[in-house]
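Each of the next two complexes has chain A plus one other chain: chain B in the first, chain C in the second.
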Partner chain A sequence: MSQPRLLLLAGGALALTALGASRPRYGGELRVVVAGSPAPEDPALADTPADAAISWLTAPALCRLDANLRPAPVLTDEVTRLGPQRLRIGLGGSRATPAAIAERWERLSRTATLSPYRALLYPLRDEGRRLTGRVTDDALELSLAFPWPDLERSLCHPALGIPGNHGAFLSNRARTPLLANPAHAAGRPFVDRLLLAVASERDAARRLELNQAEVLLGAGEDSSPAPPPALSATYLAYRPSRVGASLGRSVEAAIDRADLTRYFVRGPAVPMSALLPPALMPQPTLARPPPPASESRDVTLLYDAGLDDQRAVAERLQVKLHDRGYRVALKALSRGELRRRWAQGDFDLMLHAVLLPPLPGPALAVVLDLAGRHDLLPTELRPIGALADPAERDAKVRQRAEALRETLPLIPLYAQGLAVRSSSQILPPASDGQGLPLLDDLFLVR
Partner chain B sequence: MNKAVLLLWLGGSAALGGERAPTTAVARTARALAAQVAGSGAESPLAVSVSAPTPELARGFFAALAPELSRVGLSALPLEAAPPEAERAAVAAGGRTLMRVALSVERGLFSARGDLFRVRPNFWAGVSGTRSGPGAALASSTEVDAHALALAAPLLQAPEGLLAPLRLLPSALVLLPSPTAALAAADLDGDGRDEVVVLTDRELQLFSPTGTLLARRSLRELPASATPCREPFGVLAVSGAQVGYFSGRHGRGEWVELQGRQLTVVGPLERPVVAVGATRLEGTWTPGQNTFRIAPLPAPVVHAATFLGPTGAQVLAVLPDGTGSWLWPDSSRAPVPLSALGAASALVDLDGDGQPELATTSAEFLPRPDVVRVTDAGQAVLWEVPLERGRILQLVPADLDGDRQPELVAGVWLPDGTAELRVLRRAGP
Partner chain C sequence: MRLRTRLMIALLPLAVVPLAVVLPVAQANLRRTLSRELEGRLEAAHAAAAAALDKRAEEVRRSMDELADSAALEEVARTLHGGAPPARVAGQATRLMSARGLTVLSLFDAQGTTVSSGHLPARVGDPDPRLFAASLWKDPAPSWALVERRDASGIREVPALVAARAVDYGRVRVWAVGGAYLDASLARHLAGLTGTRVELLWAGQVQESAGSAAPPVLARVLQLGDGVGVRLAISSAAQREAEAGITRAFLGLAVVGVLLTLLLGFYVARRISRSVEALTAGAQRVAGGDLDAKVTARASGEVGELIGAFNQMTQQLRTQTERLVASERIAAWQDVARRLAHELKNPLTPIKMSLETLLAARELNSPRFGELFGESATVILEEVERLRRTIDEFSRFARLPKPQLEEVALDALLGQVLALYASPRAGVTVVPQLQPGVTVRADPDQLTQVLLNLIKNADEAMPEGGTIRVRLRTGKGQAVIEVEDTGKGIPPEDRARVLEPYFTQKEGGTGLGLSIASRICQEHGGALEVDGAPGGGALMRVVLPLPESVSP
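Up next, the complex of A and B:
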């Protein structure tokens, strides 16, 4: 059992009466219901905490950050620094081959599958685009292009997950039920099967109340002892060449972020006025700027068809921007198509959610890439990585995030966490450092 | 024992002779502190306030300290007042200097810490009572011994109807960075005292009876298990001078022997094993789980404990559902079915009658607090000791002080994710 899990169990206020020789018991079926839409199969498209939590079950990353943000091995034996800028990832006990990992990570930088999460690998030599030549039978050796002390922890991000039956559960075409993987490098889960269901928020809540599910993700009040950090950040990205340079000011003048989190998006959600969410940096109080001169433009706002929150926010923006002279057409796209349009720069306006790592430096890297400013990564990341002291490094990141806020074609809107509710059949799942519930650590207590 | 004789014994050898080296931890510490006091230039008489886990230890320490202070030309006045009131009491008793000392017995050390300062009122300071004159911080530690443990052992009242009160002192032996997967104890170096063997997911460690790390062996070179266990889990077996270990996260284990300060490999261990004296019973893991099957036990167990006494071998098997069996491999008695067992269970002869009692922990997954219960074969509770914090994962008997009376060593998983070995020392009724 992982340490974060233990911390929760020891800190929780439960008095379990189940007799199990004081150790978790194996067996049974865990039923998880997700309020929303089915999670994408590609971990690099798991932009919401619920998606990432489900994706992790079958496609985990090499490691997992614990509640204290220390990396705990999942697929690796160990990650060792061979030198200040050389890293060895040992995979002796894992079925995930070094070649498969290298191939998976390289994919993030390919044109067809470009992802803002590639920025997590940017400090590697060649930006992590040529890794397959650096594998041995049981290890992957990485060289850094510049010092980046957060690299080991960055590798724990769910978007860097490795599909292919390496997870705690075996993936299958139907995606449910998921069967326990006895060969999982971190140990098989306690339950034999995990039954996954997707339902509307109301139906999902009803299933939990009727004991038709043990875990509910993404609806209602979070019942975990320590609320997880809100790290799924949603931005409004725009192309100044298409919508005019004044759009940013028009949006700032038109929207009230607190309104969005209060009325339009699912909780737990917090307004985000800085480039990084409140969990990573303090939020400035922005005075609403005077609206620029009204423009008359036809623009299209793309949003994720799988996220009701984005539809509601898109409609709100449509109304608000209409008052400023923008005639906004809304277009819902699948996550994959949305990501493709982002990669090609083929959009006027786009609502884009990303799951940020709980580390300011790597989070800033992802946001810069999301803003289409991959070119800024060398100049911004090198001075940050040169600071050995974590506190100094994080302070520098916050300073740069503040300075860059006005220069990027990206308007931060809100950040969301994941509400998790559970039945009395299980202990409430603990969260990892990323704010994701440890579903593979659950066991039935009755 | 009359009071004078008792005081003499409490004071240990320090009370008996001037220059003879003190032989007990209490006497050694008293001499060390007296030297520190003398070096500080303190004025006599000294009012001495001692706080300790038990009044017996406080009084015994003063009995050892007073002659040591006298030896360096200082007289001592005992204070009954607790530290907050000690300063006033010292002045009232006519002391010129107050010495405050707190005693503790933890992690194999007997420690005294405190301070001293002048309490004689300074006439020119008026009513403000300004402190002046010499002051000093005092500290001394030494390895704990049976004498100090006996003085420090609180009297635990047995619940009504139980056989007798049991004097036990729970104390920390070792702090570990990660939870224990298995625990064993045996006299591996032939000094008459048991060493404690700890298996974690990453290494095998051998600790002295006082908690000093004697040897360690990394598990890094062992192949990973094809079906590893999610929890810290494994088996340890002691057979003669050899220790067999097998972690649930690795593909095989090893038999090792202590040679000097090295754990030397004497052979591979391909299966989980339970040792009953010289007999080694090998079994099979349940793939990926925290159980193993071992003949002649009828079902996979989370733990199997053994006891070898004058009447033969006995085995305790704990099943995943908290039930279990108390077995006599020679079939001299029918198996006794058991219930409400924790995975941390052991057979241990605590009352010295040659027959083992059952020591077990709470069967709940998350007990608050976890409890060590000592029962007879019919599971009637003989003694019960609550744990301050954490959850007990393993429990083994060990004779740490060579008195042929076993203590209980518990592997405790702490709330911060680390672990601790705690010793429940039997200090006699």
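Up next, the complex of A and C:
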């Protein structure tokens, strides 16, 4: 056999092997290791992409945005506009009942479980706080208080996920392994089981290298072909009445956002100087303001005990504010306790991460609520929702975000995406419009 | 204050003064001894702490030398030389620091920018001029510098023993400045080593401490650098406790001594004062008229002699008093006898002369015998009558009956008496001033006799006429009757005698009237007092006790 023929045969054999490997097959166990801390059970507390990706497996939202930000149904049959401000969500084929969904969403506005993600439901009549009266056996009818064209896509946000094993996987009390849900509305996942593990960044990387895991979330360089958008935004919230009005200027004068993303925050991360992340609006180049007169004040900075990035940034802020005369005490809290303190306004300084939707309008709503300016939502959202053209709407949002930037007690710091690495056992997972990997679509190639 | 008490108080200093003298001396000696021991311990602790810090400095020097020679630090320099982003080495210092037991380590580029920090990772990207200044030190030995340190409450500057080492790779120089904090762990180490309370001082105050030393303490500061020191403190509470124990023991002895002294003093004083108190009681009884008083307490020495002399003196006084009373009684009876003889003798002369006249006339057969017989018989009868009256009064004086007491309204009684003088002789005026309702227990007949006698005497004392004032009043549990005249009165030298029998200033008086009146008053528990009236006359005062129920 001539050499060219041999090369042709070898090439053909490789092509067949690759084709066989890429063909989805059912069964097997997918091992996912997360660098960091365990994800919270409550989807409304899934503020990081890794948390949201894990939470989605068992508590998905009604729909999922694809890479083009089009909503694809997950728990719904159909979403129908009955009128300009009326929406019908059909749930005939889902195990999630309309009543459970309504109860879940109402929970976001309750005092004990108050969440900035309630702003996603703000365009609904009564701000989405009285939904249980609008359900039928197989549908949820929603009325809008004002036009809001982005509502259908807002409902796809992971924070609006419905717990109760409605996702592609079923979880037990130990939360691992997750078993494939054959009754999942969007279809059974390929793998039979999904094994979740949480490890330090180094250990997680080692597991991947040693083929002890197929997917690594949250550490190292992202290996996916298209980097996901960085929509997990971290802000420094402060209470001017407790820390003084000049603190915001002191922070702006003290911090270098590029330094934060370069030295203290795991990638992929980008500096964020605007209210919304770079994925949603261009970032202005801010001239560092002259520092105000040195102020001697004792303040406490609260941060999420489960996020190493926040700890590092909190320490950085502690050092930089110390140079400005502040004595900053650090206090790490669980995410639930952190959210409770935020809801009560009981903090001096607080690092707050939120997973923003990939839509400027809903994202701005969440940010305004996060800043404690829930009162601004009607005046800001109504004019935006009144614009039918998406481009005009987004432009309006960016213009308002820029205008509101200096007025809110909220200092944007950085935005992060989710680094996803995978072993050769699987094809690299694709990302949805939220930047989350589609773990429920993965299958083992061998 | 009684003699017994004074004796006891006088004995107290015997117990207290010696203790007060000995106590300060004993305490001073004890304090000196214990202080020397404490100073010795503190000196040893000071030396041990200095040695421990020297050892720590040596460890820092060795660690930094080893780090400077390590491939790890060279790798950092090589990484930076290769143009890698500084973030690639940002975490290196933490690893290098912990592997070498250091608590401070920062890696700087040649410009002094922190490329990695183990003790303060958040300082990466910033200059740290204070710590980087160690790179300019000529001496490679560790020295003290203030280094930032982070804790939950904020950033503060803490002294640290640091040294700087440089590593070059090509044109890239990396400075490693590392060492050890002067922190709580070092304080605990020194406290455990020296057995003292260790306080780390800088910025003018205690920053860290370990160990314990109950106050008061004896302390010494080990100076480490500018404003940085280690204060070692040993409790001197044990010394104070020993001193307090000694003081308590002395005070206990003082209390026991005082109690014993009080008991001893009480016993001695009782023995001494018992004789004196018996003498005092005896003297008080003698002063009260009890001449039979005799001191029976037994004593020796001078006190015994004094008791003997007192008893002898009392006995002599009693004997002399009895003799004096007997003499006075004899003298009084002699006086009565003399007066009685005089009174009896006076009538005898006219009787004798009358009888002699009759005898002479009968012998001479005088024709006037009948006339003389009649005259003499008249004289004799008069004198005999006089003798009989004298003897009757004397008998009555001698045999005055016991008064028959009954309730007597004095104003009524006086009214009856004064009624006899309702028509006094010319020139005499009777002025009664009687308080009504005054009642006494008395023999109304005897009391009437007294009052008649007094009013009669007053009347007779004013031959030229005058005023008789009769007053009845009460006061101090007594009823007082006063009879006052405006006659010539009684000379003060005779007032004491007018109540004696047979003393009279009147012509033809027996001198027994006032004596009988005085005796009646005495028989009623009262008295008859003689006084002078303001106008020069006499004032006789009858004082009778009021019954208990009516006494004011």
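Here, the second predicted complex is superposed on the first by the 424 of 446 C-alpha atoms of A that agree within 3 Å, B and C clash if a C-alpha of one lies under 4 Å from a C-alpha of the other, contacts with A are read in each partner's own complex, and residues count from 1 in each chain.
We take it that contacts are C-beta pairs under 8 Å (C-beta built on N, C-alpha and C of every residue); 3 or more make two chains touch, one makes a residue touch a chain.
Keep in mind it's a predicted model, so treat the numbers as computed, not measured.
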Checklist entry - A:Tyr263 contacts which: chain B (first), chain C (second), both, neither? => result second
Item to check | chain B versus chain C as contact partner of A:Trp148, first or second or both or neither | outcome: neither
Checklist entry - For A:Leu330, is the partner it touches chain B (first), chain C (second), both, or none of the two (neither)? => result second
Next on the checklist: Looking only at contacts as defined up top, I'd like to know whether chain B or chain C touches more of chain A.
Outcome noted: B
Next on the checklist: Quick one: is A:Gln318 in contact with chain B, with chain C, with both, or with neither? Answer first, second, both or neither.
Outcome noted: second
Checklist entry - Touch check for A:Gly187: first (chain B), second (chain C), both, or neither? => result first
Next on the checklist: One more residue to check, A:Asp77. First (chain B), second (chain C), both or neither?
Outcome noted: first
Checklist entry - Thinking of the overlay built on chain A, is A:Arg25 touched by chain B (first), by chain C (second), by both, or by neither? => result first
Next on the checklist: Going by the contact definition given at the top, which residues of chain A touch chain B in one complex and chain C in the other?
Outcome noted: none
Checklist outcome for this item: Residue set of chain A touching chain B in the complex reads 1, 3-4, 6-7, 9-12, 14-26, 77, 92-94, 180, 182-190, 427, 441, 445
Checklist entry - Where on chain A does chain C make contact in their complex? => result 256, 259, 262-264, 298, 312, 315-316, 318-320, 322, 327-331
Next on the checklist: Residue numbers of chain B touching chain A in their complex, please.
Outcome noted: 179, 223-232, 249, 287-290, 302-303, 318-322, 324, 339-344, 361-368, 370, 390-393, 413-417
Checklist entry - Can you name the residues of chain C that touch chain A in the complex? => result 85-87, 90, 120-126, 148, 150, 152-155
